[in-house]
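Down below is the structure, laid out as structure tokens.
Chain lettering (A, B, C and D) follows the sequence in which the chains are written, and residue indices restart at 1 in each chain.
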Amino acid sequence: MTYAAGRHFLQIPGPTNVPDSVLRAMAAPTIDHRGPEFQAMGRELLRDIRPVFGTTNPVVIYPATGTGAWEAALVNTLNPGDAVLTFETGHFATLWQEMAGRLGLEVHFVPGDWRHGADPAIVEERLAADTGHRIKAVCVVHNETSTGVTSRIPEIRAAIDAAGHPALLLVDTISSLGSIDYRHDEWGVDVTVAGSQKGLMLPPGMSFNAISDKALAASRTATLPRVFWDWGPMLAANERGFFTYTPNTNLMYGLREALRLLYDEGLENVFARHARHAEATRAAVRGWGLEVLCLDEREHSGALTAVLVPADVDADKVRAVILDRFDMSLGAGLGKLAGKVFRIGHLGSFNDLTLAGTLAGVQMGLTLAGVKIDPGGLDAALERLQAG
Amino acid sequence: MTYAAGRHFLQIPGPTNVPDSVLRAMAAPTIDHRGPEFQAMGRELLRDIRPVFGTTNPVVIYPATGTGAWEAALVNTLNPGDAVLTFETGHFATLWQEMAGRLGLEVHFVPGDWRHGADPAIVEERLAADTGHRIKAVCVVHNETSTGVTSRIPEIRAAIDAAGHPALLLVDTISSLGSIDYRHDEWGVDVTVAGSQKGLMLPPGMSFNAISDKALAASRTATLPRVFWDWGPMLAANERGFFTYTPNTNLMYGLREALRLLYDEGLENVFARHARHAEATRAAVRGWGLEVLCLDEREHSGALTAVLVPADVDADKVRAVILDRFDMSLGAGLGKLAGKVFRIGHLGSFNDLTLAGTLAGVQMGLTLAGVKIDPGGLDAALERLQAG
Amino acid sequence: MTYAAGRHFLQIPGPTNVPDSVLRAMAAPTIDHRGPEFQAMGRELLRDIRPVFGTTNPVVIYPATGTGAWEAALVNTLNPGDAVLTFETGHFATLWQEMAGRLGLEVHFVPGDWRHGADPAIVEERLAADTGHRIKAVCVVHNETSTGVTSRIPEIRAAIDAAGHPALLLVDTISSLGSIDYRHDEWGVDVTVAGSQKGLMLPPGMSFNAISDKALAASRTATLPRVFWDWGPMLAANERGFFTYTPNTNLMYGLREALRLLYDEGLENVFARHARHAEATRAAVRGWGLEVLCLDEREHSGALTAVLVPADVDADKVRAVILDRFDMSLGAGLGKLAGKVFRIGHLGSFNDLTLAGTLAGVQMGLTLAGVKIDPGGLDAALERLQAG
Amino acid sequence: MTYAAGRHFLQIPGPTNVPDSVLRAMAAPTIDHRGPEFQAMGRELLRDIRPVFGTTNPVVIYPATGTGAWEAALVNTLNPGDAVLTFETGHFATLWQEMAGRLGLEVHFVPGDWRHGADPAIVEERLAADTGHRIKAVCVVHNETSTGVTSRIPEIRAAIDAAGHPALLLVDTISSLGSIDYRHDEWGVDVTVAGSQKGLMLPPGMSFNAISDKALAASRTATLPRVFWDWGPMLAANERGFFTYTPNTNLMYGLREALRLLYDEGLENVFARHARHAEATRAAVRGWGLEVLCLDEREHSGALTAVLVPADVDADKVRAVILDRFDMSLGAGLGKLAGKVFRIGHLGSFNDLTLAGTLAGVQMGLTLAGVKIDPGGLDAALERLQAG
């Protein structure tokens, strides 16, 4: 029996459900990227993208996906052989540090259990021990898309300061920006890495670096080779609303509309909505008698929830049943977590009834896949939603 | 608190949720309605529209909404002063007979309680009594959009035959076509009236008359004035794939895509899907301890469910709470039922998880509006969905 | 050799080239036509549609094509057997009076040569002779889409007044509204008939009646049967932003965007643009040594130009060559003019370079079809365009 | 006077006019990039992209613009300090060699006059002299977007072979692929660099590397740092239809439709159409008494034509007049050619009448800008178009 009618439930933790009005905006004809109409849009976007990062500093917009923005953050600020301090918070933190290694950096990778965020105490300890200041950057993934754990960036900033260490703070907000409260300037972040396809509610294909003055200064002397990712010429061209090479115009149309939606709703409301949906989701998971992967109450993600399945269950089989029977995509367990968790994305353009449908699908799918669950998970979630 | 993020739940019993691919198809540039490209599309549509009506006879496509197709069915087949037999099955049956009266027909309107379909026994009784054959047409609404009651057309056909009466059988399938099993030829219907905005999954703006040979013969002598609605020139132009006046080209693009979707899924599967969603919805209603409006188990609608609220509750207030809190539109009680029922549309492009979200919204909304309901309505619905 | 690449040149005199932004607007999801969001749009459109008609009175919006609005103008204001005065200005005037006859009106059809507009002198003469005031309406096609001749409505109004005759003035502006200066109120028109698919730059499927107080008064006593087209209940529902039956929501989205475009450009500028393009087109036709169908300099259409081909040429063959070789659709000769003219539409969303491409295609096509033309037609047109 | 009505003429040499059906395809909802539906599309595209490159080898698809694909070609095949032989054919060749230098390569840059392609004789001479095989790659821009000169790749291949030199041949086809005949395999190219926004008729945001076995072998030992651009993991993931990081799904929808359009027309027909439009454009330029920048008849571009303006004219002023008066964007002179040329793009989704409109706009604009031109340029172009 097929269930192709109706809309697919895209409940992976990104790419997220792109609002119809964003898709339509992107379908406008491509214009001259060197003409006055483009220039006006370029200026507008380069200005209006800043508040969502919580910054008044420049944000570089790349016509490339998020992995590129990771690379950009590193190659613009660091030199071959520089040490970076990173944390094994999950799959993406692991990939980022691998990238750092491949780019010629010396990676200090603090092991982790994939159920906690980066530990501020270890940050302080490691940096305090680095009296020679060999560590040039601390790299943290704000929201680990593979685990649903959100690291506490303000506390990490405080830890760096407590250690009196000059390392840059580079933060990946790919799956948090526009979903979870984030403040580049206030939290003293030096480079914020982001992508289009999560809280910004756009298709993939665009990524970002928000840049502190300190990071900008570092970029002036950094010697890792870079051209495509180079901030220097880009920031210079951006002054006039233009870009150093062909920008991806149609995604920019989408960004304009997506920012309009975000600011219309109000960032505070956006964050509160995500937090509330995350609470309802955890209520469901616990109501089923299952375990949320994240172990620290301070670190639950507002963007997604990773759910541990019983040891004798293959989480991918559960996902397959749900896709087949209910036309819903959930996130797979990645890396070490393959088969052990599934991930429910509840970020981006999303609302109460879609969450209710999502959790109903998970509940039915678990049962159909033969997983023993307690009744009442969905009811617990609805209770939370109903409370407002 | 606003809930503007995510998609609106449009769960009125039509217009229904138009599939994305249909909306995109409609956004193609308008073409010359007298050129060869149009002609090929015209021929294709005039052929491919027939199976959804269960007919091999011609179907007229009007560039106008469904009310117009009601009028077309009457003015093409009847003469001033002709008698028509109609049934008070609900709001739309009432409107249709009012139209008949205003067009100069003599209306025999059999009263009803809005909780049953047209009664085949009364059809037979009335026609048998009409020995002079003054009644020229029997008009029945197949699926009453205002009540969620589906009249039994084959039994009505049998009743007409049992009475040995030559009256035409005119059937309104506006909210059933493409959702509930329907067979123009096999059931001996003379004119089937339909619209684009329900089971055909299109926006409003297009309507249809499927025409039996007997109806066509009647149209050759019928004298009610008609021009825009006249079948004669239209059928002649249709022979070549063209239309007597400007057709609504972009909705035709949509129709092409919508038919493709329906036939890809398979009409049998489409009907089964609707029936199953209707069962799940009734399970929810009964689980809440509320009453389904339709009283005859043989007549439950596959397209929508009308729910009676307790006497001290204003159903429109419930709907307002649900729209405000959960961004879902439900159908209001119409005419005699205003304030007494709300209607849940579960037709068109629709699937299990959207139904789950819909019923979750109704359940929460009822509670928030202060309606006393039993727990377990949604669970009962999920049980039905889970069963496949 | 095929020429499928690039955009089709749709240069028939309607449907016209729908702006991309209008097509995108129409692709938004259909909403509840009884809900508050729709109501706000309904009110906005019912207000904003008026200036393009030059009226402060109500305009009825039909979810049906223009032929229906013709019928609406007649059935709302007239009684069976009423006489109407009409003018054979071309194919569409002929069709409209045929409709009037079929609806039971007594048609006084003033013959014409299809190369002039309705003659104000004859209007005055006929009405002055009608001392018994049997003529209840004068029906005029403002811009004859089949001939490219624009009747002089203010002079016709003056003629009616000079005759001191109470007949209503009904005007078809289907191919002039939004392209050629038109003023319902100032010119004393009683019913203005219009459609979506020409100067309003929308796909077909929507039509209009603008209604004077006098016409409204007439409708209160008029006895031609009407339901779908009835102004009464529609105007009542419109008061609250709603419609008596399902409106065609997605075309309304398009109308909102199209009106925005028209008012942004400014109606005066829109009319001037059309007049200028018409002048350039006539310069081309005359430059080729061909004849413009319209014979009165005061009556040249701003919306289209009908071009007479030499007697030994089949105009449809020319059109076929142009469609085949240059992927451009031109209008055919209709009725009496079949094969004798082709029509160049230059209305709606249109600009100088598209006109230049259009005329280049006509020039090349004429040559390829073996029509003897003088060189320099296109150059003459460019000279006009270049002049600003 | 504004001319905002109608469609903008985007006649820069890319981004090009994206077909409506491609824009609509891109507006489909984003799907799970790790799910089966995506996988099927990934496999299809990775297979179907090859013929347009003239290769049966793998083509890497980057979710990034063309400048990135330049970088990818270099960093995947070369080592720090490797020498590359490049040619000053214009602005983009200059940028590419600058990139090579910044990435740590030793650039041998053969000076040029920006009016000729890369000289095969010099290729042979330089490589023959490089007896130590220090030169590891020859980098050539196939079609110089800044000059409208197309280098003769087969002759360059022959020159490399004649010198018996093992250097890789890297070719930029950003503005030729899908417009000008190109054959990666047959011509013995090692890496072909391409982008989405020209002959492939897509918005910017996607780029490509077609890879020979020899290039692939080189990549296994090449030591320039690379992660985002690394072919290795990408080709491995591509085997299963997936990508190493989030692909730009919606542009992939567009690519699927664009390839369908190209193959439907037939690549041979596509190339012939471009060549014919280029001939017509040169006929116009010469008809005006102006000079085409390209000096070698064998090297005229099928994609664009750069036009030299008289020494006392500012080409940018001409472009500004044309944009202001005729809503057409033309390409500016870049680098050394700033103010001295304007560039007419005639590539991508384009047809005869749009070219006619384009050249009419250039002719009128030149006159309005006060440039002395001969009459008859447009006529000469039409003569060419008319000839078929």
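In this text, contacts are C-beta pairs under 8 Å (C-beta built on N, C-alpha and C of every residue); 3 or more make two chains touch, one makes a residue touch a chain.
Keep in mind it's a predicted model, so treat the numbers as computed, not measured.
S.K.: What chains do chain A and chain B have as common neighbours?
M.R.: C, D
S.K.: More C-beta contacts across C-D or across A-D?
M.R.: Output for the comparison: A-D.
S.K.: Taking CA centroids for every chain, report which one is farthest away from chain A.
M.R.: Taking each chain's C-alpha mean as its centre, the farthest from chain A is C.
S.K.: From the C-alpha centre of chain A to that of chain C, how far is it in Å?
M.R.: 54
S.K.: Could you put a whole-Å number on the gap between the CA centroids of chain C and chain D?
M.R.: Chain C and chain D have C-alpha centres separated by 45 Å.
S.K.: Would you kindly tell me how far, in whole Å, the mean C-alpha position of chain D lies from that of chain A?
M.R.: 34
S.K.: Touching two or more other chains, which residues of chain A qualify?
M.R.: Answer for chain A, listing residues that touch two or more other chains: 7, 17, 20, 24, 27-29.
S.K.: Can you check the complex and tell me which residues of chain B touch chain C?
M.R.: The touching residues are 7-8, 10, 12, 14-18, 23-24, 26-36, 62-68, 71, 99, 102-104, 195, 197, 203-206, 224-228, 244-251, 323, 329, 332.
S.K.: Which residues of chain C touch chain D in the complex?
M.R.: Spelled out, the residues of chain C in touch with chain D are 1-7, 9, 17, 20, 27, 261, 264-265, 269-270, 273, 325-328, 349-358, 360-361, 363-364, 367-368, 375, 378-379, 382, 385-386, 388.
S.K.: In their shared complex, at which residues does chain C touch chain A?
M.R.: Contact set of chain C toward chain A: 20-21, 24-25, 27-29.
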